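Paired with chain B in one complex and with chain C in the other, chain A is shared by the two complexes that follow.
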Partner chain A sequence: MDETQLKVFVGIVQRYFEKITGKAAEVGTPFLGQPKELPIHDFTGVIGISGSQRGCVYFSAPAQMLKELLLRAGETDLSEDNFADLTGEIANTISGNARREFGSEFLISVPVVVRGSGQHITVPKDVRAYVIPLRWHKIAASLVVSVAKA
Partner chain B sequence: MLGFDLGKYRTMVVSIALFLVLDLGVLILNFVISSEIDKDAVNINLAGRQRMLSQRMAKTALQIEARNAQGQPSEKEAKELAQAHATFDGTLNAFIAGGNTLSGAGKDIHVERIDDAHAQAILAEAKGLWTPFSTAVRGLGDKGAPSPEAAAGIARQAEAVNLSLLKLMNDLTTRCEQLSSDKATTLRMVQVSGITLATINFLIILFHFLRHLRESDRLVEKARRETDNILQTTQEGLFLLDDKFAMGTQHSKALAGIIGTDRIAEQDFLAILRPMVTQKTLDTAKEYIELLFQPEIKEKLVASLNPLNHVEIHQAQGAGEMSTRYLQFGFNRVREEGRITHLLVTANDITRRVKLEQELKATEERAKGQMGMLVEILQVDPSDMHRFLRAANEGLGHINNHLMEQGGGKAEQKINAIYRITHRLKGDAGALGLSMLATPFHELEEVLDGLRGRPNVTGEEFLPITVHLKALFEQLETVGSAVTRIAQMRGVVTVEPPRPQIDPAEAVPRVVSQWQAFTRQIADRQQRQVQLSYSGIDLQKLAPVLQESINSMVTQFVRNAVVHGIEPPAERRARGKPESGRIAVYVSQREDGGADLSFRDDGKGLSIAKLREAAVRAGKLTAEEAATLDHRRIVALIFEPGVSTREAVDEDAGRGAGLDAVKDMIARLGGTVRIGSTPGEYCHFRISLPAQPEQLAAAA
Partner chain C sequence: MTARKLLIADDSNIVRSKIARALGQHGLHIVGLAANGREALELFKATRPDVLTMDLTMPEMDGIECIRAIRALDAKVRILVVSALSDKGTAIQALKQGAQGFLDKPFTEAELSDAIGELLEETGNG
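And then the complex of A and B:
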């Protein structure tokens, strides 16, 4: 995956935060992470990538960030189910926009939400993933892109 | 003939027709013979009547004679005789030649000639007796009562023929009965034969066709079992498709696994395809199938248009995982009586084949790409290569660590730190002649150079660095695996003689040979003539970390000296120097186990004026600061990142990073550096590196 394609994913997340809260998420310096060392927060929305490249892209955020986001959206239901729904919505936004951006380049799956920071997300083995740290109102989240050539 | 083909039912139809013909034949014969028997019954009656008439005529003749003798009137008897005569005569003639006579009821009926020789012989004899008597009697009724003589004559004639005529008529009656009986026997025979034949025919039909039906059923059952076995065991997905895109009721068991659904029978094929393929492929598939149902289209000609010949399908599995499979659908027309009724669709899962092809292709491409790489790798001593790969991996790991450190305000430091590592690794790769690594390091350096000095570099702007970093990691892995393979090959066969650690001919240490080769390489690119000489200890005696560092530093100094120090040959000649520049490297071991490195070139030395300009150009100093800063601090600027006296950038220099990387290394090793230079004469670096912690730990 090249720089332009990565920027598309980053842009989607930034725009989502900006649209919902009026403040875009700050992007930290992206780095590479080994499959077993990838950051996973409380709620993770995973979308599968297939086609010329295979793997997954996930957005992972702590409950605190999701709570803040819900509060700012005027939500009063701050249950875990609602956190999961919001994570799913963010992943869905990534999925939908990426599908529009990339067209037939990749095939992008419907998102799956995984709860708990101790969960294992299946990413391609032996592939260094791009970890893009995100920060919004001093709360850290991560966007991880782990794909390998098919 | 009938306008339709009876096919396999032909024999059955013919048999049934024969059955009907037989029945009809029997019926006709029955009718004909029955009709004959009816006629015979009439003849029997008439013959019986003749017998009675002969008696009546004799009796009446005798009555007439008696009445005449007694003088009584006999007109009534004469008339009765005349009538009996007429009836007998008419009937006798009708029997002989055919004609009309009166029936018992007094009606005029037609009697056919009796076609029987025996009967005719009887009739002929009767006729012979009858004719004289008839002549005597004829006209009796018209004349009224006969005279006594005439009556006596008639009576005598009647007596003469009566018995004979009675016998003959009796014979005739018997013969007619016989003939009728014969015909009744024939009729029975015909009926029995007809019914027998019809029964035989029926039995033939029954047994023949039962046998055929049972045979046919057996074959159908066998065929069904075979078809079932094929459909159950074939690995291909098979089904029939009609022109409405509906799938048939029968399909192979494997089909469900291939297309991923059990609901197949009578389903819409396009609806099953829809989630698997793009809308465009679906539309093309629909058009293609419609084409195949058009008889004027040549099947083979359009085969290449099949959009489902290679279908890539993706199915979600678990948490974000997707599996990809490749399917192939083939279409063949099914014709019945020349009309295309269905398409036989063959579905195959060709994932394994496609993946093998992809792997093969990737392997071929890798092999192609690796050829140049292998040549470069083979030029490098394996231990140097391992050392370099280890150092490069560590270096890239450090770069990644720098990237991982989050937090604002440190972007510039981060960029410079990454730059130094990149530049050093690029130099090391170049010194080993590994252009396949030097080039991507150079590209990363260019990206970094674009960010250097820029205020407020955002995290997103680091993205290309991370992308290059990943590519470099991958390239290192590729080289690493190639090195391993070469090592394995060396283990099996001797690809080339192992290189001696020191060239026995000139006793030049291998590392020095590399420096010399690298010097020539850069000198060629920069149109210089330079010779590098070495004196000092065998570097192998030093701790590995010192060996690597000194090697890396010398590489950077060589690059620096050739690009910035050594003048072009013409200029050197003009200055009274030998055309070929000289670089002298000297390494000695310190008492504590550390090392001292001396690097001296006889180039133009450091130009304070140019350094001032470069510092201003790089934004390190203002013009005023540059003008006032003392020489010592100006010289120290050569170790600052981004300061280069070279105005143009190329692969060898111009970014002002080389000495920055050297300074970084010296700092990490806790060493010191001193610089001596006389403009127009030389530049001399003296580095002193103390023993390293791992040496001290090993010694303790």
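And then the complex of A and C:
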């Protein structure tokens, strides 16, 4: 994944928050993550990538951010199930929107949601994982992109 | 005049709720909420809605396959795809299978209302 492709994901995540909440997420400088030290928050939505590219994309956020996002969306059910649902939907939307740049052969799986900040997400060993740190409503979350040409 | 019947298919509970909230206020009667294409097909047969919103990336049966199956049963039902798969190829494929509209995720309630309004106006039923 080159810098231009990484910028695609940065733009998508900024636009997602702007569209849903009226305020874009502040995105920090992306960095190369170490496989065993990738950021994990309370809820993590993982999308498998196949087709023209391979690897995974995951969005991970604390419960506090998910609660704020649900409230902004007018949702009254603030259960953990809905936190998980929202995390998966954000991961799905960001990955799906990337097809605008990567094309129809950028195939995405349905989301798998992992609960708990003590968990570990396994990314492909031979694919670099870039961490895109973001902050919205003063709350930090992370988008991790571990994708390479198939 | 009877309210038009709406079936919502999306694997996200939050998205289903958002669509139901937005379109329920516009005179559409929600007859079913489906979490995958297979459920959508069964609910379609049971409720015969006038309008469907259809996600594409869903477990068990995806949206494209579901649209194809529904279109084989009913030539008149209006189908709006609501999906994060925002490339042109996917939109064209969905339209070829029988959808009449395509709305990218993420979306606002106003954009959804507009998209459904356009879909219904095209039939002269708006």
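The rule is short, and it goes like this: the second predicted complex is superposed on the first by the 137 of 150 C-alpha atoms of A that agree within 3 Å, B and C clash if a C-alpha of one lies under 4 Å from a C-alpha of the other, contacts with A are read in each partner's own complex, and residues count from 1 in each chain.
By our rule, contacts are C-beta pairs under 8 Å (C-beta built on N, C-alpha and C of every residue); 3 or more make two chains touch, one makes a residue touch a chain.
It should be emphasised that the depicted structure is a prediction, and the values quoted were computed from it without experimental measurement.
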item: Simultaneous placement of chain C and chain B on chain A, clash or fit; value: fit
item: First (chain B), second (chain C), both or neither touched by A:115; value: neither
item: Touching partner for A:137 - first (chain B), second (chain C), both, neither; value: neither
item: Contacts of A:86 with chain B and chain C, given as first, second, both or neither; value: second
item: First (chain B), second (chain C), both or neither touched by A:2; value: first
item: Partner chain(s) touched by A:19 [first = chain B, second = chain C, both, neither]; value: second
item: Chain B, chain C and vertex chain A (Cα centres) - angle in steps of 10°; value: 70
item: Which superposed partner A:72 touches (first chain B, second chain C, both, neither); value: neither
item: Chain B or chain C, by number of chain A residues touched; value: B
item: Minimum C-alpha separation between chain B and chain C after superposing on chain A, in Å; value: 8
item: Chain B/chain C common contact set on chain A; value: 104, 110
item: Complex interface listing, chain A residues touching chain B; value: 2-3, 6-7, 10, 26-32, 46-51, 54, 56, 58, 104, 107, 109-112, 114, 121-122, 128, 130, 132-133, 135, 150
item: Partner chain C, residues of chain A touching it in the complex; value: 15-16, 19-20, 70, 73-75, 77, 81-82, 85-86, 88-89, 92-97, 99-100, 103-104, 106, 108, 110
item: Residue ranges of chain C in contact with chain A within the complex; value: 11-15, 17-18, 21, 57-59, 83-87, 89-90, 93, 104-108
item: Of all residues in chain B, those that touch chain A in their complex; value: 278, 312, 314, 316-324, 358, 400, 403-406, 411, 414, 458-460, 462-464, 466-467, 469-470, 473
